[in-house]
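As structure tokens, here come the structures.
Here come two complexes built around subunit A, the first alongside subunit B, the second alongside subunit C.
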Partner chain A sequence: MRLLGRWLAAQVGRAFLAAWAIASLVFLLSRLDAAKATDLLLGETDNLGTAVLRADADTIQHQARQAIEQRLGLAEPLFYTTRTQQAGTVSWHWHGLHNQYHRWLVGLLHGHLGLSFRDGQPIGPRWRAALAYTIPLTFLALLGAIVGALLVGLVLADGPQAALSGWRAGLHTLLTGLQGLPLFALALGLLFAFANPDMLNILPAYAGSPDDEELWGQRALRLVLPVLALVLAVLPELALLLAHTLRHELSTGYATTARAKGLSNGKLLRRHALPNAILPLLTALAGLLPALVAGAVVVETIFALPGTGRLLAEAVAMHDYPVVVAGVLFTALARLLALALADALYAWADPRIRLVP
Partner chain B sequence: MKYFWFGWLLATSISSCSLPADKQANSTVRIRWNRDPESLSPLTLPNQNAVDAATLLHCSLLQVDLSTGTYAPALADSLPRMQLLGDSLTHLRYQLRHAAAWDNGRPVLATDVAFTLKLIFCPGLPNEKARTQLGFIRDIKLDPTNPRHFTLVCRGQAPEFGFESGEFPILAEDALDSKHSLRQFSLASVATANTAEPTLAALAARYQQADLEDHSGRLPGCGPYKLAAWKKNQYLTFERKTHWWADSLRPAPLVLQAKPTKLHFSIIKDDATATLALRRHELDVLPQASARDFKRLQALAATQQRFAFYTTTSYEVVTAGFNTRRPLLRDSLTRQALSRLFDPARLLQATQLGQGQRTVGLVHPNDHRYYASNLPLLAYDLPQAQVLLQRAGWQHRPTGWTRPAAKGQSEHLALALRYRAEDPVFQTIALQFKAAATQLNIPVELRPTESSLLTTALREGDFDMYVRIQKGNPFAFNYASMLHSRNVQEGNFSKFGTPATDRLIEAVATAETPAQKRQLLQRFQVMLQQQAPLVPLFFLPYRLVTDRRLQNVYPSAIKPGYSAPTMTWTDAAPVLAQQ
Partner chain C sequence: MGWLLLVLSAGLLAPWLPLAFLPAVPDLQHVAEAPSWAASPAHWLGTDTQGRDVLTELVYGARQVVSSSLPAALLATLVGALAGGAAGFWGNKGLRLPWAVWLAGVAVGWWALALPGRWPCSLALAGGAGLAWWRRRSRTAKPTGWPLPLDAMFQSALTLLSAVPRLVLVLVFAAGPALGTPQLVVLLVLVAWPEAASQVRTQMLRVRELPFVEAARAAGLPTWRVWYRHALPHACRPLLATAPLSLAGLIGLESTLAFLGVGRPPDVPSWGNLLGTLQQEPGAWWLLASAGGALVLTLLALQQLAQQFGQRA
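This part shows the complex of A and B:
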């Protein structure tokens, strides 16, 4: 138990370290384009206006840019040191702790993610609000995909040992087809099938409801299509992998022995083959997070859900770098922790695997 | 039995989820927004939806009347009286309405306007954009004999000052500065103060603590609505105030009408989802519908009866531009020749399904006062392009078009065309231009560019040609941002400008009488066709679909393209009459 504790602590520590390194890199790179913040706040340059004709227009514009940089802390040096080159001589200048990176890092340690370039507001509450939508959505989708994959995997494997035939072959083909379908096509297909007056008009077209008095049942119905889209996006991969591994297990020696002893195919699958086939599934599950994050962008856009995927996609499109950096931090952290969790589950599922802190 | 109960539960949930509009509150209007307003702080207003929301919560001195397309008095009781002083100052005299009052009954006074202006110029607040727009206001003079009368002192002279000076939400002094500590400062001293000034720093701190970006309710406005709910990126609900000062005005001007008891704005980014939501009665108004969805809805028999369809020509013009600093494109004949390779008629059909309008220049074709209808529309004409290229000194050889350049060298006509990536309209235009150029043996390299990089590339002159949208309005005829030589570092991406054209642009912007403006704009449009630093291809349409029972929609070419506060349901009159 102590070993597991040490191992977990080491894994989590590594995950935090790696997430910090990735976020720092993105932070430093993004600040190279800090002029974008002033562009965002001062508006577009393609509008007609009188400001540009005034003699002091350049001064006013310059002062506004300076004020924004001052307010957002962009006037400070970017990092602890600056490299300058004059007349062929390279020199390094030390800025001390008064730099943007140090301020960001200290803020991060205190739980502050920084201010948005877009409206100068703290990013933390925005991410918390978005996570409140994305976590239930992805958790439900993950749960649905796992349960679905177990059921479908067992059904596909529970047949004649030769090639798949009949409805199982059809199901296999359907899953393969679903796997090849881009998520946006899948989500739009569901939308046009179940929320369309010309087809089945039985589910809401978008997840956000302006009615605060809406019953929980109606609210739950609004989540059906987004969750279903995400489940169908990840289920085929898991189910096909599980079915393949199960069929492989059924062809091994211990399965033949079990059958010779009179064990039914169903029991053999559930009691003996499934625990062995679960290992590759764990690896696939750990790798699922990027797919779910990418999927959340599409699903949240199509079904109008204000989750992290949409927040991140819009921040990237608007060059709101502090929001992007926070997103990178969350995603990297979640991904690394998922990998650590998968390793722990691996060790739990297969006692032959040893944990080394 | 259990299946029966399950079925009943499902059917009940589903039927109650998609209530038809008839069962909704009669005077509620549900409108689609394609993005969140992001901030409701009256100083920030980062996008059009934020501006529209601010109009519901607050009142400005002047507001746009969508029925006439002009500015009309809102808090002010009339348009400002303009007085020119010498050649560098303008005085604008405003009088506030007697009825104008805050929710607590306190009248809206000139001191509130002075406070709002000082807030806009106060250092340390997120007011840089507003400050830039109103930078021409140098001072405000209150009238000691009339608390509702004041004079704005403006630096410079331009007809547009008349409306630009009145287009900002007026805030209550008592809500943010109950001790009236800012009254000791003049506007100029606030503008030049630094962030460390104790009174101003305290005000900035109070403003930031109020967190008005997300909690607009902490700053009550004198607009007709209050914010009832806001779930970011999901929806906003505005509720009509039971007692609003403008209710007593007889007759109520259009800009001071507010009919619906509730306005719901659903944030739906995806066009297909929004269209389905409209068809399922989850929305009543679908602004800026895509061309394809608009046509499809119009074609469906089931939707024809239920919805009203409106199209107006917006003030957004799709424009191709040339980098006039490039040796290849320095002469106007080459630019004119290349202009003939665009086919605006077919492009309008292909990208907007024929909606929108072709144009001779940057003036809106429906502005009959100033639009030069005597000039020819740009037309696709390959033979004419060839002739113009030859007149510009280009010679057609098997390897392409060449002409002698300096130092005995020759230059080869080959172009790189930049446009914003992932925009099908720009992509279609670029492909059509390339196909036409290929027929003349002119190589064109298409460079779809991410929007931020595109702006940088255009500013730095890293392009031969570009395609983009230029946004205008019906009020200002100031083309300096895009064509004046002073702005080659900012919005004048074509880097065009000669002393003569600069003078013309300045004269257009400062013309005082309509006759003078008409004459100058005619010259400007002729100049634009002759010099061709940029080629306006067509004005984009605004498409609006609403429930047929909604009246007083006022579809408009001015953003947002409809008037939410004036909308009424044809069968909802008794409910509204009770307010």
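This part shows the complex of A and C:
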């Protein structure tokens, strides 16, 4: 148990370090391009300047730029040290703790994600509002994917052992085909098939609702298509993996013994093979949550859900870097959570791991 | 197979094909029209919401696939094979660089970064490197020096790149100014190489213990030659089956980027871009059928190819 604990801690620690490193990298890279951000804000204040004489426009523009840089904290140096190059000689400067990176890191530890470049508002509340849409979506999809994978995997592994035949082979081919499709094509296909005035118009296309007065049933109905798209995108990999392991387990000695004792095929699968086949599935589950969070970017854009994914996609399109950095942090956090969860489940599913002295 | 050849030739020959319309040039009299064969220069596959001819866009989209996804997949496989092969073969302790190389490396780094005391320190380090080299030449004993932790470096790069999913990583790095084709290829290679690399590494861990590698070592071949000529070709065997899948993944990723309208300028013709216009005209079945069909057919054909390669390998 102690050994497992140490291994788990090392694993999570590594993932944590990686998350910090990638977020810092994105932060630093994005701030190198900060001139664009102030241009973005200047664009909004430009119409104030039209009333002023043309000759003053340049100085006013300059002052406005400085004011914006001050407000967003872009006036300070970027990092602890900077390298300056003047007339061929290169020198290093030490800035101490008054730099953008330090400020960002400290703010992060206090739970402040920073200010948006676009409107200068804090990002935190916006993320919380978006999370209210993304968390139900992701967890419904997670649940659907797990249940679906278990069902489909069991169905695929059932039946004659020699080779897949009949409709099982068809299902297998279908799943393999689905596995290769990009999520956005899948979601567009679903949107076209089920929410189109020309085709079957049985499900609402756009999930985002402006009013909160809506009935719960309607809101759930709106989530059907996005969740279905996400589930279909991640299901094939899990189900095929499970079916493959199950078939492998069925060809081992203990399965033959159980069959010789007169156990039915279904019972053998569920009671004996499944507990052994579940471990590779748990490993795959660790990658599932991050995949769903990434998939949310596509699905929320297509189905017009105001969740975190769409926030991230819009921020990327508008060069709103602080929001992008927050998105990276959020995704990395989801992976951290998934990893810790998978480790805990691993210990629960396999007593051999628990019993390591 | 036939479809892949068609896409490849369409991509290569796009500028010389007898198409009635130019790419990215709107035909404003026919906007978002279903396919019709009545008009004299007919829009065989209809037009999109900006009046661009779908057939032309499809052909030039194939060009996009051939010019960015294909090189990216090839490069990623190459980089992955080399990096994974090296990490698997030498591990953390296998590659011992002599002291001279380390000192010379530090000297060059010191000089290039212009750390404090640029000239004296780098000169002293270079002198030390020379001294170490001379001493090494004078007595040829066992290889000494500090091992380069190749495997640890490789693993940490992998951990770093896998901290966020591929799609998010690409999105974030594409958030800056619009990318040209070379930058897009570099970005795709950056996110795609770990897949091939970890595969080759696992295979290499097995291959390096095999008798023929041992025999090559015993025959006195230089280590890098054993690696390059004997171990690496064997470790790269399974890549044949996964390279088409990796290409399929990259095509999907690139189309997703184009669909979201991130990274490339919006007038670059591509299948994802074409599918993106579907959002403004949800009833345009011809857009979904043509661009979606082309994408799906390509991906399925690549899957088939991977299966065939896998059976042969």
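Methods note: the second predicted complex is superposed on the first by the 313 of 357 C-alpha atoms of A that agree within 3 Å, B and C clash if a C-alpha of one lies under 4 Å from a C-alpha of the other, contacts with A are read in each partner's own complex, and residues count from 1 in each chain.
Rule of thumb we're sticking to: a residue touches a chain if its C-beta (ideal position, glycine included) is under 8 Å from a C-beta of that chain, and two chains touch if they have at least 3 such contacts.
All values derive from a computational prediction rather than experimental measurement.
Q: Aligned on subunit A, subunit B and subunit C: do they clash or fit?
A: When both complexes are placed onto subunit A, subunit B and subunit C end up clashing with one another.
Q: Of the partners subunit B and subunit C, which touch A:Arg14 in the superposed model: first, second, both, neither?
A: A:Arg14: touches subunit C, not subunit B.
Q: Touching A:Ala291 in the superposition: subunit B (first), subunit C (second), both, neither?
A: The answer is second: A:Ala291 touches subunit C but not subunit B.
Q: Have a look at where A:Gln121 lands relative to subunit B and subunit C in the superposition and call it first, second, both or neither.
A: The first partner, subunit B, only.
Q: Is A:Gly327 touching anything from subunit B or subunit C once the two structures are fitted on A? First, second, both or neither.
A: second
Q: For A:Ile68, is the partner it touches subunit B (first), subunit C (second), both, or none of the two (neither)?
A: first
Q: For the overlaid complexes, name the partner, subunit B or subunit C, with more touching residues on subunit A.
A: Counted on subunit A, the partner with more touching residues turns out to be B.
Q: Which partner chains sit in contact with A:Arg310 here, subunit B, subunit C, both or neither? Use first/second/both/neither.
A: first
Q: Starting from the residues of subunit A touching subunit B, keep only those that also touch subunit C in the other complex, and list them.
A: After superposing on chain A, subunit A residues 33, 36, 188, 191-192, 196-197, 205, 301-302, 317, 319 contact both subunit B and subunit C.
Q: For the complex, which residues does subunit A have touching subunit C?
A: 14-15, 17-19, 21-22, 26, 29-30, 33, 36, 83, 90-92, 176-177, 180-185, 188-189, 191-192, 196-198, 205, 290-291, 293-295, 297-298, 301-302, 312-313, 315-317, 319, 321, 324, 327-328, 331-332, 335
Q: Where on subunit B is subunit A touching in the complex?
A: Against subunit A, subunit B makes touches at 9, 12-14, 16-18, 30, 35-36, 38-39, 41, 44, 46, 123-124, 126, 128-129, 131-133, 135-136, 155-156, 158, 160-161, 164, 195, 211, 213-214, 229, 231-235, 237, 264, 266-270, 272-274, 276-277, 279-280, 282, 302, 451-452, 455, 468-473, 476-482, 484, 486-487, 490-491, 506, 509-510.
Q: Quick one: which bits of subunit A touch subunit B in the complex? Just the residue numbers, please.
A: 33, 36, 39-58, 60-61, 64-65, 67-68, 70-71, 118-121, 125-126, 129-130, 188, 191-192, 195-197, 201-206, 208-210, 212, 215, 217-218, 220-222, 301-306, 310-311, 314, 317, 319
Q: Residue numbers of subunit C touching subunit A in their complex, please.
A: Subunit C reaches subunit A through residues 113-116, 118, 159-160, 162-169, 171-177, 245, 248, 252-253, 255-256, 259-262, 272, 275, 278-279, 282-283, 285, 288, 292, 295-296, 299-300, 302-303.
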